[in-house]
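Multiple structures follow.
Common to both upcoming complexes is chain A, partnered first by chain B, then by chain C.
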Partner chain A sequence: MAHLQVQGLHKTFDGITAVNDLYFDVRRNEICAIIGPNGAGKTTTFNLLSGVLPADRGKIFFDGNEILGLPPHDIARRGMVRTFQTVSLFDSMTVLDNVKVGCHGKAGAGLFSAALRTPGLRREEKEITKKAMEALKLLGVADRAYDQAGSLPFGQQRLVDIARALASDPEMILLDEPAAGLNAHETTELASLILALKNRGLTVMIIEHDMELIMEIADSIVVLDQGMKIACGPPADIQKDPRVITAYLGDED
Partner chain B sequence: MTHKRRELIQYAIFAAFIIAVPLVFRGRQSYYVSMLALSGIYAIVALGLNLLMGFAGQISLGHAAFFSIGAYTTAILSTRLGWQPIAGLLPAVAVSGFAAFVIGLPTLKLKEHYLAMATLGVGLIAYSLIKADPGGITGGVTGIVNIPPLVIGGFTFDSDRSQFYLIWAVAFLIFALSFNIIDSRIGRALMAIHKSEVSASVLGVNVFSCKLQIFVLSGMYAGLGGFLYAHCSPMYYLNPDDVCHFSLSIKLLTMVVIGGMGSMWGTLLGAVGLSILPEVLRMLGSLFPGVNTTDIEMAIYGLVLAVIMIASPRQRLKKLLGLDKPRRVEPPKDVEV
Partner chain C sequence: MFPDQILQFLLSGLTIGSIYALIALGFTIIYNTTGIINFAQGEFVMLGGMFMVGCTRLLHLPLPVGMLVTIMAVMLVGALIERLAIKPARNKSIVTLIIITIGVSIALKAAVAFFSKDSFTYPPFPGPEHVSIGNASLPGQSLWIMGTAGCIMAALWLFFHFTIRGKAMRACAINREAANIVGIDVEKMSLLSFGLSALIGAIAGIVVTPTTQMAWYRGTELGMKGFCAVILGGLGSSPGAVIGGLLLGLLETFGNYLFSGYRDAIAFSIFLLVIFIRPQGILRRK
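Presenting the complex of A and B:
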């Protein structure tokens, strides 16, 4: 069974169709890229998948369970997390505390055990710290753990953003243009990082304009244009698909 | 200096301050002790409001409502039903907390200005209900008189000094509990919500539940403050204009804002500072005959709020002192980096 099944997903904004009757599957442990020209509905699709926006109609099955209509925190706790195009770290908090927020759904300490700092809470806090540090290590930014998040350079903020999403041990991560604003070197590192995530058993969905990056790492590609899926398949097929070439190159050049 | 050590030193300074005040102001000056005792009550309420506003970023313009609910609950129980004053503690805190829950449920779905207006409305409704007294229990405009002082373990808290120590001991406890909350999963979630509700929610934070929890907690703090006020107020007397008026909500809000929202020490200083403001004004007022200083008190709160909102002196002050540099926290010893 596919890890994620999207069936007839539809979303309009004031009469303008952003996502049009979209169907696609994402297999477990693959890297699936969503590409398409600006305004194709890629980010809207992510917003619908993660519950940030309500859909007009359609079905989304994650791990076989219908998740459409669930609040974002519920979807995150089920193991699907995401990052945003614009990195928005909680910039007055430390890097480590940012990542600890990512562990929120996995922990259960309430207000009163927190106020009284019960032994159970101390244990849980220790566990959270460990998890958060592991995520930072994976992303190679553990040395910045105790710095204020807002003080990091952009590239590192992006890594912390991803670490924060990974801290809850998700099964699937949606990355919205993770290479935007990164230099060539950082992009190469990002590519190997995403492959490492796959090796750890994660399913990755990625929206990206950097075609070189996509062709290098993606197992499958979904191409959107004006909210509609115009093609999907492995990178080699997509590159040759005439509809993609018109939609893409026709628009861009 | 490690984080832990600094924290301990701060607590020690706080405790020393509490112990020192009644020793410094003696004899004819013991009036100041009762004034500072009252400021401790406001500090408790303001600490709760700071969790809500400073950390979670949710405004309340009606916190006097929860304060008065706590005060009236215990006053009614101890005067009309003859309860032991201390027995009113749990009901006072629970009823205020429950009121906050019922009010928070619909209002916390609102944002910013709308939340401000809704909480303002709640405060006004509580005020008019207590004043109109449709149930015949609040005493209407005359309020409730002859509220008994607290008796704990045979000791009666009826002197300025004993009330001061009691109130500030509670304030100290509340301060420590609040610090623990901030330094926890819930505290981090609150700060995350303050920055971006969407970012927090996709990380698994149940935004509404967190907001509601902290709203209820701040309501309970206010109820606790109200409880102490009822049994420690100078004349053992409650009336709606003292405990439920809109100006009290503004006063509490100003304490939090003046302390630089989100700073617990700042809130404490704000509470003490604003509580002694009337006294300072009176002293200044004696230089200008014919000026009624209580009239300009509200104007000063307004002015302070406006100036802070416009100039944000905390940021400027930080810059001036060179404290605006990105901070790096000392890692605790038991964590390898």
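Presenting the complex of A and C:
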């Protein structure tokens, strides 16, 4: 069974169709890219998947369970996390605290044990700290753990953002233009990082304009244009697809 | 003004300022977590005092038991307000939600006035009746007020900086959408913020009542003073709430010496001055 099934997903804003009757599947443990020109509905699709926006109609199955209509925090706890185009860290908190808060959803201790800092809670805090540090190490930013998140250079903020999403042990991560604003060197590192996530068993969905990056790492590609799926398949097929070339370069006639 | 008098006013000002600071912290916690300015905050203080009157004078409960019952009861009221009045309107505009809190405040006042329109008090907590510091004399209850306020501030600081739940609440305050997307249940945090603010308000009411009188209408005035303190310190800043509260208490007390009888006018003049000159408050950058 596909890890994620999108069936007839539809969303309009004031009469303008942003996502038009979209169907696609994402297999477990693959890297699936969503590409398309600006305004194709890529980010809207992510917003619908992660529960940030309500859909007009359609169905989304994650791990076989319908998740459309659930609040974002619930979807995150079920194992689907995401990052945004614009990095949205908690600027005035430390890098480590940012990532720890990402594990909060799984933390079980109630208000009173939190107020009293019971031994169970201390153990939990320790575990969360350990997990958060692991995520930061994986992203190569562990040395910045005790710095204020807002003080980091942009490229590192993006890595912390991904670390925060990973800290809750998700099964699937949605990355919205993770290479935007990164230099060539950082982009190469990002590519190997995304492959590392795949090797750890995660399913990755990625929106990206950097075609070189996509062709290098993606297992399958969904091409959107004006909210509609115009093609999907492995990178080699997509590169040759005349409809994709038309959508990107315009009609030659 | 003699040095002794200055010390005396300083201590009285800090006492009432501690109460304002606690009320201001209550405002700040709810504002930071939900974006709402809760105009029923003063009512939590009034309810704290009135429930305590009921517990000690009516039910004759021992002091610690009475406090516990009062705190639980006011927290329950806070939680009910959030669930019954705020949550159902959560997708309405913030202004709507703020007006709802004004309605809640009026309803709470009416509910208490329904039982009694009288003013009540109860004896100060155990300890010396008066404490002399230099040539200034301070009621023993003032020490309870300042000590309790100090403990609550320390406890809040520990909660927000050293527990994962407190950090999650801070995360909500910084960026609600991002908090939601990383798995924080923003609605639960909203409930938690109302419970916590009610708790702080109740404690403020419990400790302040022996130095004054508590009655159904007192919450509004206390709430407005707390709100002045919030604006003075800077909306959304916890250290600002504390500093704003203490400063307001001092300015009021000294001002009352210079212009006797204009205590409230002084507080609201300061409020207007801050709004005109430095609307972001003392501790907030623009």
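FYI, the second predicted complex is superposed on the first by the 250 of 253 C-alpha atoms of A that agree within 3 Å, B and C clash if a C-alpha of one lies under 4 Å from a C-alpha of the other, contacts with A are read in each partner's own complex, and residues count from 1 in each chain.
We take it that a residue touches a chain if its C-beta (ideal position, glycine included) is under 8 Å from a C-beta of that chain, and two chains touch if they have at least 3 such contacts.
Since the model is a prediction, treat every value here as computed from it, not as a measurement.
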Combined model on chain A where chain B meets chain C, clash or fit: clash
First, second, both or neither for A:236, with chain B first and chain C second: neither
Touched partner set for A:50, first chain B, second chain C, both or neither: both
Partner chain(s) touched by A:1 [first = chain B, second = chain C, both, neither]: neither
Superposition-derived comparison: chain B or chain C, residues of chain A touched: B
Partner chain in contact with A:82 - chain B first, chain C second, else both or neither: both
Intersection of chain A interface sets (partners chain B, chain C): 50, 52, 71-73, 76-77, 81-82, 84, 88, 90-93, 97, 100-107, 109, 111, 114-115, 117, 121, 124-125, 128, 164-165, 168
Chain B to chain A touching residues, read off their complex: 177-178, 180-181, 184-189, 191-192, 195-196, 198-207, 213-214, 217, 326-331, 335-337
Parts of chain C lying in touch with chain A, wherever the complex brings them together: 155, 159, 162-168, 170-171, 174-175, 177-187, 192, 195
Complex interface listing, chain A residues touching chain B: 50-52, 71-73, 75-77, 81-82, 84, 88, 90-94, 97, 100-107, 109-111, 114-117, 121, 124-125, 128-129, 133, 142-143, 145-148, 150-151, 164-165, 168
Chain A - residues contacting chain C, complex: 50, 52, 71-74, 76-77, 81-82, 84, 88-93, 97-98, 100-107, 109, 111, 114-115, 117, 121, 124-125, 128, 164-165, 168
